[in-house]
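Here's the structure, in structure tokens; my notes come after.
Each chain carries a letter (A, B, C and D) given by its place in the written order, and its residues are counted from 1.
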Amino acid sequence: MKDVYRPSHADYTIDAKYGIRNWQGGGRASARETIGRVAAGAIARKLLREVAGVEVLAWVSSVHKIDAHVDVDSVTLADVEADPTRCPVPESARAMTGAIEDARRDGDSLGGIVECVVRNLPAGVGEPVFDKLDAELAKGMLSLPAAKGFEIGSGFAATTMTGREHNDAFVPGDDGRPRTRTNYSGGVQGGISNGEDIVFRTAFKPTATISSEQDTVDTQGNATTLAARGRHDPCVLPRAVPMVEAMACLTLADLWLRQQMVDVLGPAR
Amino acid sequence: MKDVYRPSHADYTIDAKYGIRNWQGGGRASARETIGRVAAGAIARKLLREVAGVEVLAWVSSVHKIDAHVDVDSVTLADVEADPTRCPVPESARAMTGAIEDARRDGDSLGGIVECVVRNLPAGVGEPVFDKLDAELAKGMLSLPAAKGFEIGSGFAATTMTGREHNDAFVPGDDGRPRTRTNYSGGVQGGISNGEDIVFRTAFKPTATISSEQDTVDTQGNATTLAARGRHDPCVLPRAVPMVEAMACLTLADLWLRQQMVDVLGPAR
Amino acid sequence: MKDVYRPSHADYTIDAKYGIRNWQGGGRASARETIGRVAAGAIARKLLREVAGVEVLAWVSSVHKIDAHVDVDSVTLADVEADPTRCPVPESARAMTGAIEDARRDGDSLGGIVECVVRNLPAGVGEPVFDKLDAELAKGMLSLPAAKGFEIGSGFAATTMTGREHNDAFVPGDDGRPRTRTNYSGGVQGGISNGEDIVFRTAFKPTATISSEQDTVDTQGNATTLAARGRHDPCVLPRAVPMVEAMACLTLADLWLRQQMVDVLGPAR
Amino acid sequence: MKDVYRPSHADYTIDAKYGIRNWQGGGRASARETIGRVAAGAIARKLLREVAGVEVLAWVSSVHKIDAHVDVDSVTLADVEADPTRCPVPESARAMTGAIEDARRDGDSLGGIVECVVRNLPAGVGEPVFDKLDAELAKGMLSLPAAKGFEIGSGFAATTMTGREHNDAFVPGDDGRPRTRTNYSGGVQGGISNGEDIVFRTAFKPTATISSEQDTVDTQGNATTLAARGRHDPCVLPRAVPMVEAMACLTLADLWLRQQMVDVLGPAR
């Protein structure tokens, strides 16, 4: 891999930008880079729990064409950690394990979706124009290796609904705070949390490094083929779960800190 | 609307955060806020054109269930501006117009997808870890009012493909630079542009403000209903096109400036 | 002034950078620009008072060669506001008034020093490497029009002292917190507040716009002379006091917000 | 030093903030931390030289009460590096060496001033309000360990001059660009470079860690005394020179990158 670019990997772009790259596996385009984020995310998570009992929980909701039907309201950390796939629905987890094993044997790889819920986040977190809560989460998620898409609440499905179907009707809440009957908004309206659960999904492509032979070019620009050797994971989804949680915790902690100015001074009225 | 929260609008969250809100239509949650971005985007666009002939072009690719099949490689500004819907496929544009008119008559609203292509962006733009090109674009798009999702290249569809199907094979290019046979990557690998077209899509939900009666609460938390009066657009998609282009231009201009340090000094080799 | 550059004013540099400038007095190089900072500073001040009883107080400590000997520990807002010069020492204030009047009559202008104290700031505010408390204050002060220098605690005088003279001996404090016998550090050690008063000074040059005739060039580069007309203040010092306080409040509020992460989680031990 | 706070060192503030500190000498408050800045500064310097032939040169201009009279216009790198003190005036360098040796023998320490000149910086670099060239330099300099003050051009001395004395008269320049007869502005007017040399000074206090016995407290708050052991430099000035240059290069490179947007599009006229 020293002289040949892996298709759909950052080998070529890193080389084009810097003229130097780490082809042995520990470069900045490796998911190993996220270890620092996961460590920092653990501290951010502690802050969020301490100040408001905020809980951040992610899981694998699909691998390739296997879709787990997870109940966002009731899923727990124990459910997620019960299986190495980090899919909380046992039969889906089993099917995913099979599909991943098949892909490995076949020299191929699979992608999927990680879903994440944030519970107990108070209303008011997020800035109204540029640093919207959903915009910051989108940036955090797309900063993860292999991420290709982000959606919050109804996401892309919102585009095939009408306003009447999609609007989250307000209903009086127990504690005076309005609640919503549905949560198509995914807990964010106008870039600011509304007190409902934050729910978002991140799409991860199939791993670029596979052992099947593929057409590519070498660093001199000549056509060649490559079949990767070495220990490459055919599906990053289970390991993407802590990355997603870490970036969510870091993003929320930053916005929570900015909200302290407002909280200390109290609303204008 | 002074005393009642519109469902799925930022009325409640702005109030929860600040204790004050502009209910007359010109608040920061209004799409009118983006006028400054569009103005600044025009200058950023000029920079991009000047330095590298970069072209940024967006269009409406779907409204509700009407999907236009646009040829990303050949679509032009003239095609987009030929119809007020900003959908470059005439028969789709007509269908969209009809659907939007129906929604208006029906007191309802529609969402859809804006697609955007960036042509002639050189390889090397974007930072390798946090400020990835796709992460910055995702933040820019989700900062737009009513945006619920972002995907680049294959996006969510990538999750149902295998690595063998999804990897963009490199082939020798005319000018020595490797080209890719397909563009599932959407022009970005490892957060850095690879010289192919950047292609991304943003999902917009149906407008929250509709004239149909909806359940909601007033600012005192009491259940009530609301049927919005006034001039509210049943579909923001045509007007979202310049917003998407503006945020794309601003994002790319920022990253291009950061790339100058690298370009001036040349790659390490 | 439309066609001629005022010496030592930003007329030429704004023109060199942008090719356009507001020569009528309301440009971005005018001290009027600081009105937004003073407004925002009032909110930041409220935060600081609310969360920790922090007090920020500045005054004119010198004008030209008139040095007021102000007791930093006891000076009050009432002392500062007792005279339009905002110098809290009455006899110095009178001398400054006379000097400023003389300069005005003479078509000349004067500079001076604003000193500022921050009381009750808890220990721990400020970041250890780049965003040091003193570095942020220095940036804030040098961002004010006509500022030419900044020093904290002993400042430039520290350079003629020895370590034995300059070190602030620690002594046991009443509340368990160590106090310092002297305060040459100006309340900051290693970029982080130590709980003592923050004390700093900002130097302002004499106003550039004067009514005396001066050599200069016109916008075509030809030698000419200029004697400014209009309402130009011969000494900005009294009006610099609220600017200094505003930038101090904004700087401290930002760093206080960042400190919340640490405060909520508690120190590591 | 594990249980006792060094007076005027960051021992106590780091402990107050984090509850943990590296007392063995390699903590973030050590000047050793600046190694990364010096490395990055070397790359920034290369950029500045490449794009505009910018030269950044600093030297020791005073140690304790020994003031070297350096000709800012003619001093060279060879002059500075001719003596380990990095003072380019041989007789002053000798006197400084003697004073530093005396301080070491005496268990004491000395401070001083580093002066820096930036040559060939084009007019137009620096932002007009918050990120002024002089404000960014001030932040960079005060971020250095032991820095207590910053001044640009005339600095604090400006406060005892009148406008007539202090204003830098413009005179026609050879290349059409106006030049100034004097340079009290230090090359910056309104936060933006005017094409003259940038000249600024940074004050460094005497090293806090000395071998003389001093009053202090231990980490439990009890009074005690401390006489530092180990290899501690009685004067940081010679080693502050590369730090000052590095932060100047980094600051200028950042502002130069931001200026590219303006330079590419050309001035408005």
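The rule is short, and it goes like this: a residue touches a chain if its C-beta (ideal position, glycine included) is under 8 Å from a C-beta of that chain, and two chains touch if they have at least 3 such contacts.
None of these values were measured; they are calculated from a predicted model.
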Moving only to chains each one touches, count the minimum steps from chain B until you reach chain C. 2
Inter-chain centre distance, chain C versus chain D - centres from mean C-alpha coordinates, in Å: 20
From the C-alpha centre of chain A to that of chain D, how far is it in Å? 44
All touching chain pairs, where touch follows the definition stated at the start: A-B, A-C, B-D, C-D
Contacting residues of chain A [partner chain B, same complex]: 5, 7-10, 12-14, 16-20, 28-29, 33, 62, 64-65, 103, 107-113, 123-124, 126, 128-132, 134-143, 145, 147-156, 158-173, 176-178, 180-181, 184-186, 188-195, 203-208, 210, 212, 214-217, 221-223, 234, 259, 262, 266-269
If we count contacts the way the header does, which residues on chain A are in touch with chain C in the complex? 43, 46-47, 50-51, 253, 257-258, 260-261, 264-265
